[in-house]
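When the chains are written out, they are named A, B, C and D in that same order, and each has its own residue count from 1.
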Amino acid sequence: MKKFVALLLACLMVASVFAGCGASEPKETQAAANNSGETQAAAADGSAPAIKIGLTGPLTGGTSEYGLAVRGGMEIAVAEINAKGGLQIDFKAEDDEADGSDKAVSAYNTLKDWGMQIFAGAVTTGSSLAIAAEAANDQIFMLTPSASAVDVAMTGSNIYQMCFTDPNQGASAAELMSQKWPDATIGVIYDSSDPYSSGIVEGFLAKAEELGLNVAVSDASFTADNKSDLSTQVTKCKDAGCDLVFLPFYYTEASQVLTYANTVGYKPTFFGCDGMDGILNVEGFDTSLAEGLVLMTPFDANATDDATVSFVTQFKENNDGKVPNQFAADGYDVIYALYNACVAAGIDGNTPAEEACAMLQEQFAGMTFDGLTGKSMTWDENGMISKAPAAVVVTDGVYVPMD
Amino acid sequence: MNEYSRKMLKVPTYTLLREQDKDKLPVLDVRNLGIDFGGLTAVDGFNITIGPTEISGLIGPNGAGKTTIFNLLTSVYQPTRGSILINGIDTKGMTTHKVNKLGIARTFQNIRLFTDMTALDNVKVGMHNEIKCSFLSSLLHLPSYYKAEKKANQKAMELLDFMGLADVADKKAGSLPYGVQRRLEIVRALATNPSIILLDEPAAGMNPSETTELMHQIRRIRDTFHIAIFLIEHDMNLVMNVCEAIAVVNYGRIIAKGTPEEIRQNPAVIEAYLGREEADA
Amino acid sequence: MQILQYLINGISIGSVYAIIALGYTMVYGIAKMLNFAHGDVIMVGAYISFCVTNYLGLPSFVSVLAAVVVCTVLGIVIEGLAYKPLRGTPSLAVLITAIGVSYFLQNAAQLIWSSSPKNFTSVVTMDPIVLMDDKLVITGEVLLTVAACIVVMVGLTLFTSKTRTGKAMRAVSEDRDAAQLMGINVNRTISTTFAIGSALAAIAGVLLCSTVPTLMPTTGSMPGIRAFTAAVFGGIGSIPGAMLGGILLGIIETFSKAYLSTQFSDAIVFSVLIIILLVKPAGLLGKQIQEKV
Amino acid sequence: MKTMLKNKNTRTNLLTYLVVIVAFVVMQVLNSQGVLGSSMKGYLVPICVYISLAVSLNLLVGVCGELSLGHAGFMGIGAFSGIVIAALLKDTIPNDALRLVCAMFGGGILAGFVGFIIGVPVLRLRGDYLAIVTLAFGEIMKNIVGNTYAGIDDTGFHMAVSTSKMKLEAGGKYIINGPLGATGVEKLATFTMGFVLVLFTLFVVLNLINSKEGRAIKAVRDNRIAAESVGINVTAFRMKAFVVSAFLAGMAGALFGLNYSSITATKFNFNTSINILVFVVLGGMGNILGSVISATLLYVLPEALRSLEDYRMILYAVVLIVVMLCTWSPKVKEVLSVVTDKVSGIFKRKEAGTNE
């Protein structure tokens, strides 16, 4: 009986939390709207209501870095657009904890209940895969800023990507290497538990074989669980005499590789992918370690064109002076691409999601888009993007385009 | 029978079998038993033979190794030396539950009931190996499960009734008075259908009238179930009145064996054990 | 010579596991609870040290000191608020509370320091030792971590065997009730244990991030679980066992990556752990406790 | 029947079934009225899955007294084998519900089998050592499944540990794709099946607890030495509980896997195991109805906190700690009882006042 009372108490506790949330909800949302979460758009004088765009991404937990960056980028785009007048955007982001099943789907469902018309997520591949099937089923148009696996776009005809697909990126890395360093001994270190990293390696190895590149080390992988020690992988490459080391993973781990290689005096050319962007802005990172690092990134925060400068300034303002990375830029581009398409197709807050989906598909098929992450971007019939891969070299702590 | 003859040891040992058991296979036959705990000899050269319907006692001062002997007999510890035969079968290397299946059951000095369960369930746990009901049948509660449970309930109630515990059947074992718990432990041991039952200080914590009652019950157990009883007890009155044979241990060794009269008169015992107690008294 | 370099790498990560495991094993041995929040206290320690060095510009030894002070206070507060009220309840209840504390610390760290990674500046300024013409490199971090492990191990052993408080801790670990009857303040002893364990966590945090520079709110959790594994491996509750377990785990991990398979190294490491526990059920240096009948 | 109702255990069990059935009927009615939003509808199947997981883990942790930190590992085995089975049987069994049942039983049997294999050596260990080995098992499982490739083409079923070794003929389809996990899974799971699974789990676990096996398991937990002394083979019973628990977790995993179009091995990590454990401990060890309720509430809680945005997980942690303290701490309980006494005192006084 005592236990039962205890249980009842526990239930009451939880219930009171629920009740508490319910009661304080309006206040919370408003607070959120003011600082970050939801950018409520005032329906401009009697015109059509704002169009509802939703995002899911990891906002808490180990990968929240990426989710928060995308959200930050999108919020800037939404604020700019809403300030312009005309078609307004109502934006909302939900936490999916980078989960590939129930959490992702419930984040998506929450957005659906909110009345989402267009889905601008998810941030991670795992979540996108789970949600893509739902979106395909619901006929809600989906344009993911950063989920790069081929399988995502292939899930349905209404699923589009703003980033390169992984095998494509791997293949272009191999092509670039065969042009610039045809005789190099190449080592590859990658995260075998991450679809992004292993997807790139898959495409890279296939292309490298075709081009006859000398890949000496291709089995130096790590997993999310044992990434605290990457010295063995570096030692493997060092011992095999690799003078070009391919690092197709995120900058969080890359800084470890660079630091360790520097400590042991190993100085090959390091070559990264778009996930490497952001390394120069890691707090406390000695940028001289990244000197000579080659990476293929569609976005350069130091670029001097007006669009980038204004984006970077605003992002810094909103995020305690943090410099945006390509995740943020992809997010920004996604909102603008959707906005352009909506304007062209005449979609507004009254258009049902399914109709909007069909109209957007039509638009994207023939659309050319200029954004922060590339010029004249187009999409193919599968929803995959085609944009020119740009390689840069880190020189004196800034990106310098590679010629 | 084959298994018996194969495992039977032919060494004759000192026996003190009662008249009624002379021509029968001893239920417990212990030879030269000993155990060392990291260089310390706890029990050494312990021999005893108990007939199928005998009540024997094991006495000795505190720390003499009595409970250790019980633990050896029930395979809680594996002996360093010597052998234990239960109904003629050597228990070497067997686990406690296997030894129990051979026919040895016990109670504990510090009561070890399943305190969260009812008295009835405690007894039914004791009957575990007797309840014939397959795992699948228990999982799915097939008709055979209900039949087996009904039978088990009946028998468990009979056993509780035998020790006068029928009215506490639905009480949690942990909530029962001390003396009742001791008796419940005996019922639980009886429920395993043993041929010998080891009682570790059954009268500890009981008042004199409860002890007298217990003495009757011990005899009734033997007379009803026709099993052997081997008990450790400090209450000399109980031991001398109930036991037909007594072994005295000190420092892990047997110092005397015999009938109560013989023990009472044995100078070694008087000096080592009884003497002191009598002097105290 | 390759093999020697791998061995050094193994000792490098292993000694980090070892120093975390020392904190785990100490708290487990005395308070008899799996403190799953230990890894997160480590993360807090590393952040404190990072902030003191990078924002206040103070020298690294001051930052270590600050981390130790903050973590000790944090440890006492956590213990007093979340664990002490549960003294005497089933260990599982405390385990779940520890998990709650772990979630709390991670999320609080994300709110305070944001989730973007920070690159921890190593507290070691020594140049690496290069042997056998560049084939074998021993970094200062390895030397410092191993030295710190040995100092902590010897220090803890002396502390528990020589000082009054240490002896009280041992008494509490052997038999809490008996210790109470002997007039030992069990609650205070356990609180002291947490204070010491958390101070060790701060040092472990600094050393972890000196070896592995990426600092994030989740930095402590995976090494924390590894270190817990190491502590069990060496015999949980045993101070030299934690050290041995940590270093062996690091070496096994590195060697399996180097010679067997990088892909399956997690599976290999944990399989070795299972096998060791089957052969030695109480870990390498643990005591098998005989149940009293 | 009357005597049956008198028995407290039977009453609690009937109450448990009743709660589950009523909840199901209410949800079905609400659903048919179109009251439920998509997110609410989305919770239904995972809640059923987590209830089954919590109940099956409660058998191990609460009833048996063994701490397992690898329950998600069994769930993962069930999920992936269930997905493979469902894909393989696509042509043989066209009926979705039947195929789902086959997949669930297949997943359960495989998980139970793996439970048995690792149980043989592992169950010799006790307490925290068993916990760490189950944790290790979960990590091994995650690592291996995360590197497994399986696919089907005209020549049949293929499996390998790297893409280069995986040669599918044209028209072949990947079922499990390494770190991407299982993709393109056909969603077979339904709420009704989830409900059936919960009932089945409750049926098996409650029956087991109330049979001679259950008595033996509880006896082993209460007092291992006494249980051995009355002839109970302790290892065998720990094994039975372990295998049954793994089997049920495997079934739940299969349902979970077939409820989403994709699933990765990382889902079945330490954190998921811990979450299930939290459900069990908060619901009360050995308290099956408690597990059902706490799994439901705690699953929905982080979702209900969504409006707090970035603060929701920290609040979840606080709620977890506070609830643990309220349900377990003797001191807090004392304070609570004083408060409730006072409150009831006030009411009584009021009553007395009105009487006057």
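Going forward, contacts are C-beta pairs under 8 Å (C-beta built on N, C-alpha and C of every residue); 3 or more make two chains touch, one makes a residue touch a chain.
Only a predicted model underlies this, so the values are computations on that prediction, with no experimental measurement involved.
Engineer: How short can a path of touching chains from chain A to chain C be, counted in steps?
Structural biologist: Step count on the best path from chain A to chain C: 1.
Engineer: Average the C-alpha coordinates of each chain, average all protein C-alpha coordinates together, and give the chain whose average is closest to the overall one.
Structural biologist: D
Engineer: Using each chain's Cα centroid, which is most distant from the centroid of chain C?
Structural biologist: Following the centroid criterion, the farthest chain would be B.
Engineer: How many angstrom lie between the centres of chain A and chain D, each centre taken as the mean Cα position?
Structural biologist: One centre to the other, that is 33 Å.
Engineer: Could you work out how far the Cα centre of chain B sits from that of chain D, in whole Å?
Structural biologist: The separation of the two C-alpha centroids amounts to 43 Å.
Engineer: Could you state the distance in Å from the CA-based centre of chain B to that of chain C?
Structural biologist: The computed centroid separation for chain B versus chain C comes out at 49 Å.
Engineer: Taking each residue of chain C in turn, which ones touch at least two of the other chains?
Structural biologist: Correct list: 107, 110, 263, 266, 293.
Engineer: Among the residues of chain A, which are close enough to touch at least two other chains?
Structural biologist: Residue numbers touching two or more other chains: 60-61, 192, 223-225.
Engineer: Where in chain B do residues touch two or more other chains at once?
Structural biologist: 76, 108
Engineer: Please output the residues of chain B touching chain D within their complex, sorted ascending.
Structural biologist: Touch list, chain B to chain D: 74, 76, 95-97, 100-101, 105-106, 108, 112-117, 121, 124-126, 128-129, 131, 133, 135, 138-141, 145, 148-149, 152, 188-189, 191-192.
Engineer: How about chain D: which of its residues touch chain B in the complex?
Structural biologist: 203-204, 207-208, 211-216, 218-219, 222-223, 225-234, 240, 244
Engineer: Show which residues of chain D lie in contact with chain C when the two form their complex.
Structural biologist: 61, 67, 121-122, 124-126, 128-129, 131-133, 135-137, 139-140, 142-144, 147, 161-162, 224-225, 270, 274, 277-278, 281-282, 285, 310-311, 313-314, 316-318, 320-321, 324-325, 328-332
Engineer: In the complex of these two chains, what residues of chain C are touching chain A?
Structural biologist: Of all residues in chain C, those touching chain A are 2, 5-6, 9, 12-13, 16, 50, 54, 106-107, 110, 114-121, 128, 130, 134, 137, 139, 208, 212-218, 222-223, 226, 250, 253-254, 257-258, 261-263, 265-266, 269.
Engineer: Quick check: in the complex, which residue numbers of chain A touch chain D?
Structural biologist: Chain A residues touching chain D: 3, 6-7, 9-11, 13-14, 17-18, 21, 25, 28-29, 32, 36-37, 59-61, 94-95, 99-102, 105-106, 109-110, 112-113, 125-126, 129-130, 132-134, 149, 151, 155, 192-195, 197-199, 202, 205, 223-225.
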